[in-house]
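Have a look at this one before I ask anything.
Lettered A, B, C and D in written order, each chain numbered from 1.
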Amino acid sequence: MHKGRLEAFSDGVIAIIITIMVLELKVPHDVEFRALLPLWPVFGSYVLSFVYVGIYWSNHHHLFQAVQHVKGGVLWANLHLLFWLSLFPFVTGWMGENHFAPVTVALYGGVLIMAAVAYYILVRALLACHDAGSPLAKAIGTDFKGRVSVVFYAVGIALAAWLPWAAVALFAAVAAMWLVPDRRIERQMET
Amino acid sequence: MHKGRLEAFSDGVIAIIITIMVLELKVPHDVEFRALLPLWPVFGSYVLSFVYVGIYWSNHHHLFQAVQHVKGGVLWANLHLLFWLSLFPFVTGWMGENHFAPVTVALYGGVLIMAAVAYYILVRALLACHDAGSPLAKAIGTDFKGRVSVVFYAVGIALAAWLPWAAVALFAAVAAMWLVPDRRIERQMET
Amino acid sequence: MHKGRLEAFSDGVIAIIITIMVLELKVPHDVEFRALLPLWPVFGSYVLSFVYVGIYWSNHHHLFQAVQHVKGGVLWANLHLLFWLSLFPFVTGWMGENHFAPVTVALYGGVLIMAAVAYYILVRALLACHDAGSPLAKAIGTDFKGRVSVVFYAVGIALAAWLPWAAVALFAAVAAMWLVPDRRIERQMET
Amino acid sequence: MHKGRLEAFSDGVIAIIITIMVLELKVPHDVEFRALLPLWPVFGSYVLSFVYVGIYWSNHHHLFQAVQHVKGGVLWANLHLLFWLSLFPFVTGWMGENHFAPVTVALYGGVLIMAAVAYYILVRALLACHDAGSPLAKAIGTDFKGRVSVVFYAVGIALAAWLPWAAVALFAAVAAMWLVPDRRIERQMET
C-alpha cells in the first residue's frame, strides 16, 4: 500500500489534537491583565504539550520520509500511536487546571511513556516490512534518544509524588532534547 | 472523477470524529487517582469507538486502494457513511456517561448497524462503476465478515435490554474480528 | 498557482464544519428512549445541514475538477464561501434548539442565500481566469439550478414569519433537488 | 525533505483554527432578532479574526509556491507560527465577549505582533536553505508590507488603553491592506 493516506490521516488527527488543546484555555470574564494570571498553569501546560505533539509530528514526518510502503499492521501501529496522542488534551487539561498537582503530573508522564512505546512499536512494524539494507533501516540505527526519553519519563513519574515541579522540568528537558531535530533520516535521505 | 479528494475529505471527517470523542472525557476537578475511577465507563466506550472508527478508516483505505475512479453517486454513498460515523461521538458519550445502560447500548448498536449498511451501499456504488473483471470486483468477493457483523450487531441490540454487558462484549468481539486486517484487497493489489 | 492546496484547505474546513455540528446534539442525562424525543428538532436540523454542507462539498469538488489554475482573487472568493459555510453550525443550532421558530428559520435561510451568492462569486472568479473555450467555461453553462435555489430561499425567508414549517420544507426540497448530482461538469470532463 | 506534508499539516491546523472560532458564537436562547444584537461584538471579532487567519493561509500558500525543499528548522519555524495562530480563538473570544475592552484589544494586538514575527522567522528559515538566485529569494524582496504591519500593530497596542476602537480600526486597516493579495510571488512564478 502507498503511504500517502496514512500520512494525510495522521496529519489530520495530529492537527486536531494540537489545536483543540487550546479550548482548555477558557476565556476569563474579567477584563484586566490580572485576570490572565490564574491561567498561566493552563497556558504553560498547553505550551509543553504543543511542543510534544509538534515533536511527534516532526519525527513522524522524518520517519515516513524513508518509508517505501505500508501494510495493514502498520496502519494499526500508527492508530495506536494516535490513540495515546489523543489523550494529550485530557491529561494536559487536568494538569493545567490543578496547577501541576502530583497525581496529574504522574498521569501526564504515563501518557508520555505510552506514546513513546507506541512510537517504538510503529518503528518496529515499519522495519518488519522493509529490507535490512533499506534507507529506513539504515536511518533508524539504535534510537538512543528514544531510550533515554523513556528513562527520563519514568524518573519523572517517580519524582512526581514528592517534587512535581522537578518532574515537569524533566519532561520539558526531554522535549528540549528532541527540539534538536532528528537528523539521522535527513542525512540518510540526502546521500 | 479522480478519487483523491474523496479520500482526503473522508480522512478529514474521520480524523475529526475520532478526535472529538475525547472531549467527552471531562477533566475531573479532584486531584487524586480515585477521581479517575468514575471516568472508566467513558474511557472504555472511548476506546471501543476509537477502535471502531479506526476499523472504518482502515477498511475505507483498503477499499479505495483498488478503486480506479468515482462518480457523483459514490460521493453521496460516501457522505452517507460519514453521516453515520459522525453520530459515534454522540452515542459513545451517552453510553459512557450512563454506564452502559440498556437503552444506550441498543442505540450504539443501532448506529453500528447503520454504519455497516452504509458501508455495504458504498461498496455496491463502487462496484456499479467498475467492470466485473476489475481489481476492485475481484477483491471484494462475498464480504463474509460484513454479513456476520450485522448479525452480531442485531443480536447485541436484542440482548441489550436484559444483558447490556453481553451486548457490549459482542460489539467488542466484532471489533476484534475486524482488527485482523482485511487482506483480500491487499493480496489482490500485490498480484 | 496550482489548485491543490485550495482544495485541501477547503476539504479541511468543510470536514470540520460538517462534524462539529454534531456537538450541538447534547448527550441527554436520562437513559430512556423517550429522552431522545426532545432531541428530534436538533437532529432534524443536523441532518438538513449535513446534507447542505455535503452538497457544497460535492459541487465544489465537481467545479474544481474542471479548474486548471487559480489566482489570488480565487483564494479569497473561496474563503468568502467558507466563511458563510462556517456559520452553519451556529444557525443550525439556533434553529434546532428553538424548534424551528420563525426568526431562526429566516436566519437559516439568510445564510443559505449568502452561501449561494458566495458560490456564484467563486464561479465568476474562476471564469475570469479561464478562457471562454476552457472545459470550465463550457461546463458551467447557465447555472439554472443555482438561480432557482436563491429564489426558493428568498420565498422561504418570506414564508418563515407565518409558516416556518413550509419554509423548512422548501429548504429541504431545494436540497433534494441538488442531491441529484450536477452532471454538467462530469459529462464535460468525460468527453 | 519535500514540502508536501508541511503544507498539508499547516492547512489542517489553520482550517481547524478558523473553524473553531465560530464556537465562541454561543447560540442565544431567545428567539427574536433582538437576541442576536448582543452577539455583534463576538461576531465582529470573529469576522476580523477569520480575515486575519485567511490572510495567513493565503500568504503561507503564496510563500510555499516558491519553496523547493524544507529542512528540520523550517518545520519548527512553521510550528512556531502555528502556535501563535492557535491563540487566535482565545484572544478573539476574550475581546468579543468583553466588547473590545482596552486590555483585550491590547492582547489581541500582541498576538498579531507575535504571529507577524513568527512569519518573518519562517521566511528567514526558508531563505537560509535556498540560494540567493532561487525564485523564493527573488520573490521575497524587502517585505515592505510586513514591516509596516508590525509598526501599526504596535501603535494599536499603545492606543488601546485610551482609544480601543481606534486600535481595532487600525488592525482592520492592516487586514484590508493584506487583502490586496501579495502578487510578488505570483508574478515571480509566472515569468
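One rule holds in what follows: a residue touches a chain if its C-beta (ideal position, glycine included) is under 8 Å from a C-beta of that chain, and two chains touch if they have at least 3 such contacts.
None of the values given here were measured: they were computed from a predicted structure.
Peer 1: Turning subunit C onto subunit D with a C-alpha fit: angle in degrees, nearest 5?
Peer 2: The two chains, subunit C and subunit D, differ by a rotation of 90 degrees.
Peer 1: Among the chains, which is located farthest from subunit A on the basis of C-alpha centroids?
Peer 2: Of all chains, C has its centre farthest from that of subunit A.
Peer 1: Round to the nearest whole Å and give the separation of the Cα centres of subunit A and subunit B.
Peer 2: 26
Peer 1: Centroid of subunit A to centroid of subunit C, CA atoms only: how many Å?
Peer 2: Their C-alpha centroids are separated by 37 Å.
Peer 1: Mark out which residues of subunit C touch at least two other chains, giving numbers and ranges.
Peer 2: Each of 8, 12, 15-16, 20, 23 in subunit C touches at least two other chains.
Peer 1: What residues on subunit D touch subunit C, complex-wise?
Peer 2: 7-8, 11-12, 14-16, 18-20, 22-23, 25, 27-29, 31-33, 36, 47, 50, 54, 57-58, 61-62, 64-65, 179, 181-183, 186, 189
Peer 1: Touching subunit D in the complex: which residues of subunit C?
Peer 2: Subunit C reaches subunit D through residues 1-2, 5-6, 8-9, 12-13, 15-17, 20, 23-24, 71-73, 75-76, 79, 82-83, 86-87, 89-90, 93-94, 97-98, 101-104, 107.
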